[in-house]
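In the two assemblies presented below, subunit A is common to both, partnered first by subunit B and then by subunit C.
Moving on, here comes the complex of A and B:
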């Protein structure tokens, strides 16, 4: 049994454990390297969002290009539930997750029989519908001014009530949720369900011929991905203490695609996490030097699509295999060909 | 009822211009099997280039710019109408040079690449021209309004509609009645055979990409006085363009034109009754149509479905 297949049957892999332990120490050193704790929260939230997005793009081969809608729906659901129903952290997060699941299921019911570019088009159209509604339904969402005064509610565990108003406290709370989601997603993609998703990515028709209900798998994975994106959106609303329609726009929906691809979501579970960190660090570091940071990041993205679509994770895998003396990046290329080469 | 006529004219004008953008978009889809998400950025570039020429915001020595402003506005406008699309076509060729590497791969590649390109071009526009809105000055002859049946009609809308109709007619003549058009259609049908027949496919693809960019730029110039010139106008144009392609059916000339007019009219009419929601109507229309007719109104099976 090689290392990869041993990892895939574990609940928590050594890499995961190391990563989470490293993140636990982050508030101690992030200030010293010239960054700030809030950036850590942002990276975790976007990494969670990108991970749930990659369930579609990387694992199921479903190009969803209007995914910002569900992130935004989560943010609004968190705020609206808090303002109008009960200001309880757990219920608000459940509301965000639930709103994303319902919206995702509604859209998935319309598009799950489609594939390829038509799938991408339909997800864009639905994403735009939610975005227009968020901007125009001024009395509910606050329109372009956004939904303001969203409180960072305290985490009530029954025996202890932890205040999350401070960035460090919120960071640990988001980290806890992120770690749970990370473990859950790792188990999901390595479960029989996850294997069938990957079969659908490789060849939808064959997966159907084996007897799997492809429509149902596509429907459930889209709803799940939308739900988790909305959960990330809910956390984002809490971090920002407000919700805005921008994150639902086509641009922001594109950013999550950029993150996932640059990080290497097509070949690695960790790709979206690497990509989200890289994207936000680039925004802060390049953005500090020039206002046109998107110009440089966009050029980098174009170069990655052209020359290294396996992204950072693919580059790392290639490097590791070369040093281990293996010939070629067999798994990486095969998976990539299955997604991008299409119809074999 | 008669009060609706100006709204219908506005819708028709918008629809015809959308159709013009969509046609260039579709030529590229047909021949290269790639979605050009940067098509809207080329549209925006056309508008900015024409503004540079018409309003004399040129990166040239002051005396030259001064000499240029002495030329009447009408002539400057005509010059812009010729040179701005040509400049944009050059940018299109540059873009094609990058997109070239994705031919024959899954369309997802090209989609992602051109999305990146759209981001880059939009950011470049922000850096060069800033984030403010500009208004494209138009000659006296096509501005102002006329009064007919007790209603005020904008002269420019008539001009824009007529211009779009003639441009669409020219594109149709070019595709259907010239040998070049025949080659393009043949290439869209089976590019390998076209190559085997001794036609330089690389050059043909570059030409078609440049031609698509040119059409987008022309639409950009004509729409500029209606929409105003701003950095994100590209997204406002590319989204209707792909909606029209999906609605009309990939690969159908008249499908694109009729879907363009349909969407334009719908936006115009909902604009009259519920202006807040006019943008939403086109997405809803698309979702309704595509739910019942998977390939759009006039579509045939295309490679993009695989």
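Moving on, here comes the complex of A and C:
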């Protein structure tokens, strides 16, 4: 077996282990480089969100452009569950995950026979519906004022009850969830399920005529992606101790697309993680110099789409090796085009 | 001989355009059947109805006596009906080996087994190797499908269709775009499969079809105009008057 297939059979790859170990040391040095632990929490949450999103965009070739809806639903579910039902961290996180799964399944039931530009439009439309509901249902969500006083509930392990009010403690908690999700997603994309998703991305017709139930795969992967995005949203509500509708807007839904593409989600498992980190670092570092940081990041995004759709991860892969027959750049362009082309 | 696959009085209309008038076909076990007819005759549409892409407006499709009319493509495929397409249809980002593995029934059955590592499954790899060799692609398993030569891609399409472990295989113009060497190679490949499963081939290359087929059906204007052994068809009036006559 070559290195790639060895890695794809592993529970934890060396790169993953190295990355997680590095993250474990983050609270020790992040202050020294002029940043702060809360940024670490944000990066992990958005990286989890972008990884879930990339199950659709990069692996299945399904453009979901209203994905902020599920992130927001998770945030509200986390807050509403602890306010109205029971303030247990585990149950609140389950509620966030469950709410995302259900909302995702509802939408997926309507769109899973589509692909390409139709799919993109319908995901936007449904995303807008959820966003408007979050704003209008003032008595439940607090509307534009937000859902406030969401507590950072303690992590109760039975034998120990760990307080997460402090940012460093919360960082390690979010890191643990992120690591589990990272491992789970790595197994998923390298399983028969992940293989069939990639087959569907490349050629839906061929996949159906060798016996794969294309609709069911598209339905389940959308639901799963929405569920995990909502889990990230639940963690976000906990981190900022509140939930607001803005993360559900089209505007914010665009951020996760930008992160994923810039990082290289079209060609790499790690793309979304790289992209989320770059995005938030740019926000803080360029944002410290100019309030127009989004302009610069937007220009970077345009440059990536126009010239380097394989993103940072693809560019890095290209430095290390050339994929036989086709450069990462050509692969990036082909996949970008296929996303909205909607063949078959 | 009892038929493995039967199509009874199929009609296919799109709006008020009738593409298949009245098609009745029988394919026996192990038979190699050819389908010919001019461009636009309805041959591909016929395959699309037989394999579940379209539901016929009238008529019935049976596999081994079971009514499969109106089932979805993946349901029909799971019963052992496999096909290739007139326009090249591969998973271009996958290697030749992964194209085959993706079509294996073993992988399909584990489709929701999300903890299983495809790369660690040596049975998948072994089955793929056997199939690659069978279609003449031994040693090319690691090449991306998009990087294979045109002839190799045509062979891989057959490999993918075979990987799904079919009882009946529909091939839509498998030699289209191939030169004479490529056609000869494909004829040898299909000849080597003959008898192991039922094969139905749409083909414009008459030399190819007449040398391989047990029986040939001629489709024109959405109807079966003539059918019989290659010898019988040589004597058929329509066939003699068509460009086929040039063959003899």
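Just so it is clear, the second predicted complex is superposed on the first by the 321 of 344 C-alpha atoms of A that agree within 3 Å, B and C clash if a C-alpha of one lies under 4 Å from a C-alpha of the other, contacts with A are read in each partner's own complex, and residues count from 1 in each chain.
The definition used in the following text is that a contact is a pair of C-beta atoms (placed from the backbone, for glycine too) under 8 Å apart; a residue touches a chain by one contact, two chains touch by 3 or more.
These numbers come from a predicted model, not from an experiment.
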item	value
Which of subunit B and subunit C A:8 touches, first, second, both or neither	second
First, second, both or neither for A:214, with subunit B first and subunit C second	second
Subunit B versus subunit C as contact partner of A:161, first or second or both or neither	neither
Contacts of A:139 with subunit B and subunit C, given as first, second, both or neither	neither
Partner chain(s) touched by A:118 [first = subunit B, second = subunit C, both, neither]	first
Which superposed partner A:193 touches (first subunit B, second subunit C, both, neither)	second
First, second, both or neither for A:25, with subunit B first and subunit C second	neither
First (subunit B), second (subunit C), both or neither touched by A:84	neither
Which of subunit B and subunit C A:254 touches, first, second, both or neither	first
Set intersection of subunit A contacts, subunit C complex versus subunit B complex	none
Subunit A-touching residues of subunit B, taken from the complex the two chains share	35, 98, 101-102, 105-109, 111-113, 115-117, 119-120, 122-124, 126-127, 235, 239, 242-243, 246, 276-277, 279-280, 283-284, 286-287, 290-291, 294, 304-306
Sites on subunit A touched by subunit B in the complex	63, 65, 110, 114-118, 120-122, 124-126, 128-129, 132-133, 136, 250-251, 254, 257-258, 261, 291-292, 294-295, 297-299, 301-302, 305-306, 309, 339-343
Subunit A residues touching subunit C - in the complex, by the definition given at the top	1, 5-6, 8-9, 187-188, 190-196, 198-199, 201-203, 205-214, 217, 220, 323-326, 331, 334-335
Touching residues on subunit C, where the partner in the complex is subunit A	51, 72-74, 77-78, 82-83, 85, 89-94, 98, 101-103, 105, 107-108, 110-120, 142-144, 146-147, 160-161, 163-164
